[in-house]
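Chain IDs A, B, C, D, E and F follow the sequence of writing; residue 1 opens each chain.
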């Protein structure tokens, strides 16, 4: 039995609230149950130095957590004077995942920064960030299309979404919340495209090692879940 | 004429949404028009080193802005490796303002940190932070009272709220939004208690110096506005 | 009774020693009693990036304290790896105050940095810095005038000086020394021009809130004190 | 054809040179072809704060690259003032991988730090670090056993080793060198135990997404390769 | 001919002004011509961690330069976020030099920090710091003796003073000022005790290497100069 | 008697292994007994900003120690966030020493960075770094000559090598190992050219001051030792 009473293949309720920022070119408040992440996409006219005069643009991501997004207050990273390893690891993952579905040449010499700020955390913040970040990025590209800067469909090649799966109490389950995550034996994050291609896989044995079969089961759960997330993304952007 | 069409003594619509955080002992999403600040109050059982074994507690504040809370994306302070002077100045102000209405001995050897994170900025983020921070602090103290840790009324001596006033287009006005703030000749922030005592005054001539009379007019506007804010706080916490 | 035996409206002995630096374009050792601040004005031919090609110059300030300027030795900020919030707050105030009397267009695309380094502290270091910083700035501009770079009177529009006032032992007093400052109920800093215009007001209740009347009394003390400081500045620069 | 002329399932020559450090309790210079990593295991008598009085110990890892380990000289991280995201990500991975085969209670309240310093890089530094780090860790535990501090076999539960696989020129290949790594379409790192359990999987599409089948092929390559690495580890420690 | 007209073996006018700080236990403003260094000695009741419960105390030094102590304004190290290599090197030298004449056991478990802050620089700031730092340290120890904490003569075993010598325009000269220092072929700093023992020697060829004979000449100049400095120290502390 | 059984004027076995790096333009693993330093010389086509358009190049050095190069593991400087004073002091010394034998104009507008990374430490790491760094630098210049970029003999004017001497157990000895170094009364480092010119002298009394005569004895030892090192360098590069 899962603490939340969910079935093993049942994700939490996922919602996307678009256009939540007065300023950002694209924005989305994504909720996976009690995990709430505010995603904004910001367009800048300059690229990173290594792309200057290459004709190509860049999509990058930054990730942060409000200090009391979690059960115990965490030290503010701005006050600590540096971003921790976990933060850097997650924002690199978000950036890679979003770039996997973007044609950087079609974007042109511009940079889009997707900020994913966790307002409230209950497990799965990185997968929510990717899934909601795609909406913010898409709406930023739409904003650009409206102004004749690009063709959105040429820049954005596909959907991308992510989900965590894990082995909790000897059962493979999808979309772990904090209670499950903190005692799971194995924890894996999957990032896939709308077409079902795999963009990123990260699996970690927290306690005892896992087998190839267990991993295949987790991947099966993830495929189904991500297909559902992509459907929800489609509904959200067609609204 | 103000850009928003407001009258010179008319504040923006102010709302408090309490209990927005699943984790924090007290929390409040405060809105002054398009300025939105998420305030959380976090209780910790230890005090800063200089108060150890003093029998006294501490209330402190931290302030941050999401990178795209503003019209142009700002560099994330965690990535820069330090909090800027403006950030430090504001969070010192919030902390002082809240402590002005707290009996630190009655609180006992505990620390409450009030985090004020600007989700969206449109001028007046520091005054919104103080005004909403009071709600979060109060609800944290209520939470403690419910657990028999303190008597809320012995710790929290009064309300505290804040408003900005300024001279815009030669007119003294209250509660400047970003458009007004960025071209105001004079900008002043007032922090007062429910009883009308002054906790903090900060007035700055952005362009030409101002006179004692002008300053008195701003203070008059502020007194009326803060009285209204205290009324709204009372309604919010009695709901 | 004040610890120093001074009358409530009596400032400490204020002196300006000009030209104390062999290198700086303008310099002044200012003393407010036992508070000694070395102010140097340094001219550079380049402006900050945001003013490039604007035709305007900039005046900025930096503030520091020698580690043993105070009763207990403080950690050296260079060794700590960052300037504290108090330092940043004070140097922002000094910069704003000096810019209030400078015509940045008449200055041309140059930057003047006024360094205020506290050699010995006994309360009132920020107000001494502003008051003495004006002398250093003025002498730097004079140096420039001598070389045909500017007309000093077109760049420097007025005097600016500052003083602290506070309520100590229930009495409004001017120019608090450290003993008074550390136990004052209310502490306010005023920055005004030679013409009597207000540039900056900062009032803080350290203990109980203060009233509008009390604040008006403090402002009255400040006006008289600053008028005296401006007279002393005039004597100093005419010497 | 692979640039090195290797077969798709052929690893580079792997060697372990044990006891290379005069000072460290365990040490190993591991070479995967031209990738050379110096691994040292250092025993300390204290644990991290969060384990104090828990009866448990800790194994952690740090990772670094000499500035000219790579084709172009990289900026020294000590001079930059911080470890980059890639460094932090890798050292977290090494630490987790080694802890997966350690019984922290049997270790007792001690910490072992495994430093993995890349002397020369040619792809696969993180997998070499894990594989060689296990040798250094094992020899440190042996050192402790010799002094009657622990029973090595009770602390060290199994071997752990790692290998990268990827899709290069449309072919799944094992143990990518730098030339392959920098143009691979997909890159995956596998960490497994001697018993064949999976400890960590990280797969990333560098260009187009990959399929479940492709991933299964990579895992098959990895299983065989890691089995070989474990055999080599066994030979090395029995020497 | 030296730019200053001095003879090759002629030091600049050296003066010590004692007791210049209201707060420090010992203080001295030392001038070597236009090089002015403010030295303060601060007593603290705790030692560095590595001496705790050893019965021994510690003497350490910190060194800083005001930003406009030099011909061109230097960036403030507190603003840069770190002390440069030159600063660290100099303060380590000052600390070693002073400790060479202190009996740390006789001092007892206390730390004295000697801060040397360069108010104005014209070459030779490190040697002035050592020479003046000795006065500040001695007066701090006298302060302690007066309070019955130590016997000064048991703690302070001898004088220590320092001077620079160099080869300028093919001539060995003593006490180089900035003009000489910046074009000297060889630059050497000598630290010696009152008894003539050598504490520290640092010689550097700026251009072409120097010979053993040249170095011996510089040492001869230094011995005479330091003897004079010790005489001046004796006069200063007997005043 | 020396702990190692060496005679007072006997250096440890010194070896140079050239070409140890696949990537660097010049490299050398230098060993002075158990002190092992990996030196790499990296060529870059740009100079530091202050030499731009000067026609001159630059040679600089960086120094680091692997965390477990020493008997007790030291904190990794990259993790600490800064290079310590000792590190900065040593790398400044290495850079100055190498530049003493380089004609920067003949080098042209290029920079060579010599990285000296201590793999294992047993005293004398800075002198080994200079002596081995010269080999790496020379081989980098040879690499450039082969490509027609420079004439090596016009850029590299002479050999440079370094050795430590000290007074251990009342005996002047050469090439101190860690055991000697940590209890020596006096420690001196000498840097000299092939022609016997002195480039740098650093002598420090660790305990009681030393005399001019003692220092002369140390210099005598150093001259003989450095002459031997230069002979070894010549043999190494002619191999």
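In this text, a residue touches a chain if its C-beta (ideal position, glycine included) is under 8 Å from a C-beta of that chain, and two chains touch if they have at least 3 such contacts.
Since this is a predicted model, take the numbers as computed values, not measurements.
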Farthest CA centroid from subunit B: chain F
B-C, D-F or A-D checked against C-E; over half of contact pairs coincide for D-F
Relative to subunit D, largest Cα-centroid distance belongs to chain C
CA centroids of subunit A and subunit C: separation to the nearest Å works out as 50
Distance in whole angstrom between the CA centres of subunit A and subunit E is 59
So, in whole Å, the Cα centroid of subunit E is separated from that of subunit F by 28
Within subunit D, the set of residues that touch 2 or more other chains is 81-82
Output ring sequence (origin subunit B, second subunit C) reads B, C, E, F, D, A
Residue set of subunit D touching subunit A in the complex reads 82, 84-86, 88-89, 91-92, 96, 100, 188, 192-193, 195-205, 208-212, 215, 219, 223
Contacts from subunit D onto subunit F in the complex sit at residues 21-24, 27, 34, 38, 40, 42, 44, 62, 64, 66-71, 73, 76-83, 87, 113, 115, 117, 119-120, 122
